[in-house]
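The following pair of complexes shares a single chain, chain A, combined with chain B in the former and chain C in the latter.
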Partner chain A sequence: MAGLSPGRYALRRLLVGVLQVFAVATAVFLLTEALPGDAAVALAGDNPDPARIEQIRRVMRLDQPLAERFADWLGGLFRFDLGVSLVSQRPVTAFLTDGLAPTMLLAALTLLVLVPVAVLLGVVAAVREGSPLDRAVTTVSVGLHAIPEFALAIVLVAVFGVQLRWLPPTAVGVGDNLLRQPAVLVLPLVVLLARPICSISRLVRAGMIEALHADYVRHARRLGLSPGRVRLRHALPNAVAAAVPQLAHTTDWLLGGVIVVEAVFVIPGLGTTLVDAVAARDLPVVQGLVVFFAVTTVLVNLVADIVSFRLSPRTEVVR
Partner chain B sequence: MTRWLRWTAGIVLTGVPLLLAIAGPWLVDGSPTRKRAFSSGADHPLGTDFVGRDVWQQVLLGGRTVLLVALLATALAYVVAVPWGIAAALGRRRFVDELLMRPLDVVLALPSLLLLLLLATIAPSGSLTLVGIVALLNLPGLTRIVRAAALEIGSRPAVEAMRLQGEGWWRITVGYVARSMLRTLAADLGTRFTGALYLVASASFLGVGVPPDASDWAVMVDRNRPGLFVQPWAVIAPALLIVALSVGVNLLFDRVLAARSRSDLRGAAS
Partner chain C sequence: MTEVVVRVRDLVAEVGRRRLVDGLSLELRAGRVLALVGASGSGKTTTGLAVLGETPPGVTVSGEITVAGREVGPDRPPRPGAVAYVPQHPASVLNPVRRVGGVLREIAERHLPDPPRSRKARRDMVNALVADALRRAQLPADRDLLRRYPHQLSGGQQQRVVLAQALVANPAVLVADEPTTGQDAVTRAEVVDELRALAADGIAILLLSHDLDVVRALADHVVVLRSGVPVESGPTDRVLSQPDNEYTRALVAAQPRVAVEPTDPTDDREDGTSQDTGRLRVESLVAHHGSGRRRRIALHHVDLTVAAGECVAVVGRSGSGKTTLARCIAGLHTATSGVVSVDNRALAPSLRRRSRTDLASVQYVFQDARGSFDQHRSVLDQISRTAVRLHGSRPADAAEAAMAVLRRVGLGEEHARRGPHRLSGGELQRAALARALLARPGVLLCDEITSGLDTLTQQGILDLLAELRATTAGTLVLISHDMGVVARLADQVVVLDAGHVVERGPVAEVLATPTHPVTRALLGAPEREPDELIAR
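Our next item is the complex of A and B:
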């Protein structure tokens, strides 16, 4: 995309993002229609007593025409009205606002630690390419990269929470303000960081190695600039630019990871809310949370694409 | 030396859980006896679980479903994605490409575990559902890889020559394009499989698509958590097996790819 100004690019990218959110909202709505047979009966699940079916039908207004319900669903999204829970009749938005704080705290802290640590590891490994340190970092990151969060979490809890008793094994009894007892956050953060640190540091390493072998870096060295300055001011920005889209992709993982980590450590966030709603087949709550997570994912990717466009406008970012 | 070490680590880490998962169900002798929950004793090397079943027996029984569901889901994803991607890349008209690829973007707009939970809410629970969902989640990424590979291969002179020679569409696409991308697909297989394993295990842990008392490593980790303080092995043993399997498979595929690119380099040099 030669000659595309950052502003135009941002606008185009924003349009795509809006379309994506619209598509997800539509798909999430239509899933109700995809339920086999009577949706209310299907959602009632194991205890299909007529009163409950009737109640589900009323709450989800299944007796009204499809087009009308769809218009209401989309209109509701704009007014931040996502319907009410099938189980407790509470508005879905109340679930969202309740669970938001712990989940956001976990995600924000993870990203805060992730970026510097991953970049540092990648750079150190790249500068000493081929050294034992580099090989150790690479091997560990290849291995750690694939571990499901729950398995890692439970092993860490067993070692540090139960055997050594250094850290609290769960967040039970802390309430929603996790910062009041920061020790609770250590294990969840370690678990959330394990996978993304591996993937990002590998990308930074690869980008850094490529940059260090590039002509402009060689040229800068010949000009007599100090090695540290060459690495930090010239090679590093290009290496990081390559990792930014992946960083955005990591948020996808992070959201998935948060769901599992909250379940393991009993943290009352959006993940726990979601898992409970899935178990209860509480479709409106699940739909609302999915739309919320989708908007977040689309937003993060949007920002990342615009940032990496600014960092290196030569390449159009295709996800 | 370190290379040898990494091969061994990969093989051992993959081999132990794999062996247990495949051969385990045949090694179980006798019907399950129920004892007190979370007890330990001489006849139970790893103690008993949350309903008093022998943990070692559950470990032997619990690998097969995880492994099978992940394998089937990976296979299904390839079976669907390869023709899909090739059709998108080699279609005569541009709109066919758009029509085939755009719907997949919707799947990509959502975190995979989230989409899995959403679909599991409305789908009937069961292992086959899980296979279908995990395959679907892998579809967009895989189809993109296939499409990109097919685009590159389709523009090679060899394809042009085949066309000029009047070879049929079938021979060109299946006989040449699909065969030429086998290497690209093989390179992707390792991450694809560990990704599927990750999703299947995480879903089972969250109680999606499996009965609550299933003999399944991931379910064992979840259900035996209350006994973590009294009888940790009921949780640790299956968790470690899952960790070993994911790490091992990843290391092994990484080694295979590294070895192959080395031999490629040697081949190019000579």
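Our next item is the complex of A and C:
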């Protein structure tokens, strides 16, 4: 790895990523084809008359060979044309952009709070290893990490939304632009933050403790560097590097639209879009979403690997 | 006489009831070199750390230490940077995620004599300080070096970078802990030159070493420690040539010397036969490191034939390919082409495709005995596993066989039941040998197994190897850069340089009349050759 510059490495990974996305796209297309049931029959309504089914089939080109439809669909992917919804005839890309806005907003806000808070908690706990503060942080984070999102979300809604009435319990009626009424974002943010803060602060704490006990930290102090500087410039990069893969995992999870959280708080994000599309057997939308999720996963992991490499150049990254 | 920089009076370091250092006093003046000599575990490092105002966990230190006029103790460290410390393993004190230049500048920033206001003047001063330290540590002051990370440096460069960091802080004393351990003769000579130049600059040097050659070359004064007790002290010339103390005499006598007479009378008998009926045959072995564009060749068509019962030494500078050769024979490194065969049976290039018999036939003993044992299981357990895995013995039989081998290498039941952390380096190396011998190998590969051990322990291991050779018809491949060890044990020598065999022949011949410059340099012979080697 030592001889490979980050730029070349990124390019190489990007090419591999394109192949991965292609593989996912193929798998998704074939799997949705293999699903039992007939989309045309489902769409035709309760009392389908055969002529109507036949008409739908023609409109959806279900009568054409699989290979031809696949080729068309793949060609569309390269033009960012994911086809149209079977249900509403809207372009799939419109569904994506609609759902993406709330999901991105939530993910960005979560990360913005998550990274500084988790790193700070981890560092503070590590620096005072064994102190009451450290024990409190560790105990609370283990406990909190054990609570699943749906449970926490429902409890928070019940307490703050219904009982105390401090915050709106859901985002119903706010519309697409959640920022018009920021109060609706508070509870979802808390739920989204709870577990990642615990896992990442614990990783930072463990990495920081290891680094603080390392010979190179002791040696930096011998050379007259101030304790604060040694912590910040010598120990912290080692500690944060350990948490980067987990952070990437969290980002990926957030960009996938956390279905449970979106469902509880009625946020029209990607998760909700996916659930609705599956329920309506709207295959082009499902396919489009899965391909989109594959792209974000590949990109997030690529960025994470480059960040890890910058932070800890010894790391052998998977080529 | 120059001023006294370090004064230690009645230093006592204890763990529980056991004394690591017992009543050591010494005085070190600016520009002088004082060597603390003794076997491993004699309290050298504890003393060195005490001068830094540090104590290992669980150790209590009493006594009086003054560094540059300031009293030093566990709660009163010396002025930051006043005591430079170069530990035995420099890599451990280099932060893996920081570039060389960044850290040097950071330290320099902290130690500017009188920091100017303007940012530019400040930066210029920092750069000048760093450049000066690099020069004194004999490192090139180029941008390329400053942009590197520690893992991109060689072992020697890492040591010099640690030294340069210390020099930026303008130290009065340098504590150098085993600065030459595990290095070949040429590098050793370079380290000696570096340290000598620093002493000439007025830095007082406390040298902790078991390498008597280096002590002889550098130190003005020697203090000999035996289990923490100073047994002899005096000018180097006197102490190392006419030691008063019995222990010092033993230390000096145990030092392996390059002997020119043949070590084994059976030499002649085997000379004629070794060519055709070799137990171990390596034919035209080619090996590479890395892959893709970073692939570089490590061995160029190396041939080697060793008869049963013969010992061949593979010598060369670090990076010459000796360990790669051993690893290819053992299957730990997959050779690109060429054949390795034992008793005329060709072995698969990769360990994974070798049968149990083939695995048993080649055994490897590593330099780092501690690293080659699992720290959480008893030594006996780990050794008997060899017999279980390779010969399919029942666990009870395997344990019995293991015990028998352990006794042969001089370890008793009480050692065997312990965990590896409770054995000394020498004892562990014996255990590692026992583990290899239990496999009943046709070929035993010993990779620098005595470097890192003090002379007395080293002698014990070499005696054991000599005895094993005499009693078993095992074939020994000895990887070493220590010509003293080679002279003691080997029948044949193969000299490797940059992956090529540059010289080979019977030990007596090669050591007496080395023809290749590398061989001469390894023997420490002419002074001008090393530069030539480095230039290549």
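As a working rule, the second predicted complex is superposed on the first by the 285 of 319 C-alpha atoms of A that agree within 3 Å, B and C clash if a C-alpha of one lies under 4 Å from a C-alpha of the other, contacts with A are read in each partner's own complex, and residues count from 1 in each chain.
Heads up, the rule we're going with is that contacts are C-beta pairs under 8 Å (C-beta built on N, C-alpha and C of every residue); 3 or more make two chains touch, one makes a residue touch a chain.
This one's a predicted model, so the numbers in the text were calculated from it and none came from an experiment.
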Once the structures are superposed on A, label A:I259 by its partner contacts, choosing first (chain B), second (chain C), both or neither. first
By the touch definition at the top of the document, which applies to A:R79: first (chain B), second (chain C), both, or neither? neither
Is A:L225 touching the first partner chain B, the second partner chain C, both, or neither of them? second
With the two structures laid over each other on chain A, which partner does A:A241 touch: chain B (first), chain C (second), both, or neither? second
According to the stated criteria, A:R180 is in contact with first (chain B), second (chain C), both, or neither; which is it? neither
Who contacts more of chain A, chain B or chain C? B
Just checking: does A:R233 make contact with chain B only, chain C only, both, or neither of them? Give me first, second, both or neither. second
Taking the superposition on A as described, I'd like to know which of chain B and chain C A:G143 touches: first, second, both or neither. first
Footprint intersection on chain A (chain B / chain C) at none
If you look only at chain B, which of its residues touch chain A in the complex? 2, 6, 105-106, 108-115, 117-122, 124, 191, 194-195, 197-198, 201-202, 205-208, 218, 221-222, 225, 228-229, 232, 235-236, 239-240, 242-243, 246-247, 249-251, 254
Can you check the complex and tell me which residues of chain C touch chain A? 52, 80-81, 83, 85, 87, 92-98, 103, 106-107, 110-111, 149, 151-152, 162, 165-166, 168-169, 293-294
Would you pull the chain A residues touching chain C in the complex into a rising list? 2-3, 214-220, 222-226, 229, 233-234, 237-238, 241, 311-314
Applying the document's contact rule, which stretches of chain A touch chain B when the two form their complex? 20-21, 23-24, 27-28, 31-32, 34-36, 42, 135, 139, 142-152, 154-155, 157-158, 162-163, 169, 251-253, 255-257, 259-260, 263, 274-275, 277-279, 281, 283, 286-287, 289-290, 293-294, 297-298, 319
